[in-house]
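Structure in structure tokens, see below.
In order of appearance the chains are A, B, C and D, and numbering begins at 1 in each one.
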Amino acid sequence: MERAYRLIISCPDQIGIVAAVSDFIAGHRGWITEAHHYTDPASQWFFMRYVVRAESLPFGIDELQRLFTPVAERFGMQWRVHDTGVRKRVVLLASRQAHCLSDLLYRWRSGEMAMDIPCVLSNHDDLRGYVQWHGLRYCHFPVDPARKVDHFRAVEQALAETAPDLIVLARYMQILPEPICARYPGRIINIHHSFLPSFVGARPYHQASARGVKLIGATCHYVTAELDAGPIIEQDVVRVGHHNTVEDMIRLGKDVEKQVLARGLRFHLEDRVLLHGNKTIVFA
Amino acid sequence: MERAYRLIISCPDQIGIVAAVSDFIAGHRGWITEAHHYTDPASQWFFMRYVVRAESLPFGIDELQRLFTPVAERFGMQWRVHDTGVRKRVVLLASRQAHCLSDLLYRWRSGEMAMDIPCVLSNHDDLRGYVQWHGLRYCHFPVDPARKVDHFRAVEQALAETAPDLIVLARYMQILPEPICARYPGRIINIHHSFLPSFVGARPYHQASARGVKLIGATCHYVTAELDAGPIIEQDVVRVGHHNTVEDMIRLGKDVEKQVLARGLRFHLEDRVLLHGNKTIVFA
Amino acid sequence: MERAYRLIISCPDQIGIVAAVSDFIAGHRGWITEAHHYTDPASQWFFMRYVVRAESLPFGIDELQRLFTPVAERFGMQWRVHDTGVRKRVVLLASRQAHCLSDLLYRWRSGEMAMDIPCVLSNHDDLRGYVQWHGLRYCHFPVDPARKVDHFRAVEQALAETAPDLIVLARYMQILPEPICARYPGRIINIHHSFLPSFVGARPYHQASARGVKLIGATCHYVTAELDAGPIIEQDVVRVGHHNTVEDMIRLGKDVEKQVLARGLRFHLEDRVLLHGNKTIVFA
Amino acid sequence: MERAYRLIISCPDQIGIVAAVSDFIAGHRGWITEAHHYTDPASQWFFMRYVVRAESLPFGIDELQRLFTPVAERFGMQWRVHDTGVRKRVVLLASRQAHCLSDLLYRWRSGEMAMDIPCVLSNHDDLRGYVQWHGLRYCHFPVDPARKVDHFRAVEQALAETAPDLIVLARYMQILPEPICARYPGRIINIHHSFLPSFVGARPYHQASARGVKLIGATCHYVTAELDAGPIIEQDVVRVGHHNTVEDMIRLGKDVEKQVLARGLRFHLEDRVLLHGNKTIVFA
């Protein structure tokens, strides 16, 4: 993939935003390869994602940011530029189940997913060998149910040391304390094993089986202080029937979970997800 | 479709049920064209659906029932036989929206759906012309919000007079009073415009939009006294995105609603749905 | 839906197109409600669709076209502007099967699909009553297999008289002669009852059954002189199994056919489909 | 999973088959946990799959086979019994691409997929380290394009030595010579990266892109001497659009390929797939 800059903008909608941004890019002979914009009709808030070939511009990212600042200020933009040559640092948190972690590590080692993985954290030691085979660091912080605080302190410190751009809860079965959630707003992604808002909380496949639903699903969302209530990035479902036991649902659900997490994570890594209150704009 | 008898059985699971039933059918030279059975592992309850060509048996349905009774008694069966030559009588209840009603009437008049429609009931007069063009009876019982009881009394009486095998709420926007629900257990089908158990009650598409889900759905279920909580027959979903307004969701949802209702109704008409507590066995 | 102008553009990709167009719109204080653009990387051809609120501009469509012409000429654009206040004239061709026609007429009479229907043409008289109930003109041109030319001459003349913007083959079972295809390039839509390019030609469900596929589908495409080979607008599939007969496939396929045709037609009516050789850009 | 015997039967349809089989099982107090049967209406051929708890029977598999033989002979059955306690031996053939192989190895090592893997064969050495980390044998047989025969002789010999129950082509990019195909009828599974019968042969995603389809798919099928024409076990699709390059399709397709292969393989491992000419009965 050729090096590019991704320009991500949101601001109150006004006439002339697209003209100003595209004038700016064209004025510097920038070559736009992807362009999305959208205005939320209720809030009249504008969202934009432009991808510009790095080599088409006569300057680097610092100069791009300096020169674009007056345009941004004119429209009161929240904005950022990402250089696709700089990989995001993603810390993975897991527990014992390997399906999501294995899937993400495959996508990472095959080059399908552009990210660096400073370490994998877990409350169990089960996945150490597999992770270390990949040449990745594995940190095992056991959970003492009577003193969970120790676990979370260790997690918090490890996160602080690795300075992650993103934290992915890849079937990490613990509920992150509020201070950790607050420290990384819009930067913690979880995969929940139900089609939210159905079946919040523990054992969603048991809940689904008890209710007799005909489809089960998974939801990739940003983590907020309220359990399973953060902005949804991606969801999908799979058909089940009366003959499927809870064990079947758990097995079938794993395939949906890993697909949905991978899609959601990819959207985030490519700067396709813009937050808007408790909802997401996904320029897929 | 060739005339057939559908034998529907449920009972506690025991060794020898299938042998006894298939011995009985084979002993009379009956030709089985479809066969399903299933045992719920939790309750150890057994469910069975056999379809036998009518002409392969040397007797009619009365004699079939008489001769099968000892077999049924031996295993403590709840059972029934349906003659596919006798169409079920289905009363449709609608309001103003035509999408589900139009879809069902197309399936009825094209012969795709085997049922008789003694009448269509509605709290509005909008769909009268369309229904009457089909040669069907249309009953308009307006709702006075201050005296809903009058409407429901009229509905209840009309239902009693038509002696329906099944009542279909085809986007009838009223909540049926408990006594009507109780009078037709397992014989009232509703289409709810959400992927239950998400978004129970009013304006589910508004709820879905507010939550920012990435798929919306519809649920066909039996009506019980508790709102939107009855046994689910069929569900499906369609993908939506940030750019879809509530109006878009309503439009996209209509296509899912009519498909899901048609599939659920068809399952019921073909005696493929067996109730098991608050869940369904669907021999699709 | 508020009145709007849809500006549809394609041209060789160059730096500055988006800037020029958005400058033009912003310079006249136009309010853009939808915007899509895309460059095909192989051909370096650029495609654009802008929707602008009519009332936000200080002039009507004629002045808009006059003023935009220099911009268009600068970039060598193929372009057009559609006024959403002017409904497209759509002639429907059908045969005996009613599922697609009924579905389209429901969407038309409910206001879901913005089009005028000058007439419905058919080689059979079966659907006359249903069509006429809608207040629409019905033209029955029988096909004499020995002299099909008479039928097509009548069709061609009726089309010429109605001056349609679009012709929809809603399960019209005849193959249109090449001269008619040539007269309405990009303006004839067909629904083919297979997932093209599988099962071109006659009896695709029989072909699908013989091959033992596990999904069957439908394809909405523009008609060209080569049978079932025109640019694809939309496709979808439904799962089938060994237990599904050809008759089941025909029934299940109908639901996919009408959905796919409705979606494809809607894309066309909203000017979302841009032709690019034998492929389509669909700004959905 | 509790140990069970799977009884797989096919024979000409006759009255009394189910009665005879279920009598036999019930007569020995066997506990049936799954039961499927189906008669193909065109050929009047009967197919059956029964799963019986091993511990419910008073004897082992040898005695079961001995006692059932007279029943089987009476109806001219082709039949076999599988003991779930005996894992199938599955040889995997791969090339350079890891997605299907990684997926299968995850399912194997997590215990989701019950099989033994005597070895992985490949024409490249790329995946050796990954395979060997799992403690599995890796055989690298390079392909000299001028002397492919050497490669296939090595493959054939390695297969013969491992005596596999099943051979899985997990994106092995070579076409197996006819003698190998003939030696393992119904025992070689391939994953083809298109929705067959569309896009047979090489570079199906390039073909799909050139045709402009709106869905791409994958097909799991048994290998026969005719390329990509064997009986289909499972298929699925994923949506694509004009903005998806061939590279995108390859990436999106990988997710479908591995899912479809895993489902098809699982069906085979659980003896759910019965061959019927060039079609499959899948008791899913």
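We take it that a residue touches a chain if its C-beta (ideal position, glycine included) is under 8 Å from a C-beta of that chain, and two chains touch if they have at least 3 such contacts.
All of these numbers come straight from a predicted model, not from anything done at the bench.
*Asks:* By residue number, over half of the contact pairs should agree; on that basis which option among A-D, C-D or A-C is the same interface as B-C?
*Replies:* Answer for the repeat of B-C: A-D.
*Asks:* When the contacting C-beta pairs are counted for A-D and for A-B, which pair yields the higher total?
*Replies:* A-B
*Asks:* So what's the Cα centroid distance for subunit A and subunit D, whole Å?
*Replies:* Roughly 36 Å, centre to centre.
*Asks:* How many angstrom between the C-alpha centroids of subunit B and subunit A?
*Replies:* 41
*Asks:* Touching two or more other chains, which residues of subunit A qualify?
*Replies:* Counting only residues that touch two or more other chains, subunit A contributes none.
*Asks:* Inside the complex, what are the residues of subunit A that reach subunit D?
*Replies:* Touch residues, subunit A against subunit D: 98-99, 102-103, 106, 110, 112, 133, 251, 254-255, 259, 262.
*Asks:* Going by the contact rule set out above, which residues of subunit C touch subunit D in the complex?
*Replies:* The contact residues of subunit C facing subunit D are 38, 40-41, 195-199, 211-215, 217, 231-237, 241-243, 245, 276, 278-282, 284.
*Asks:* Per the contact definition, I'd like the list of subunit A residues that touch subunit C in the complex.
*Replies:* 15-16, 18-19, 22-23, 25-27, 29-33, 35, 37, 39
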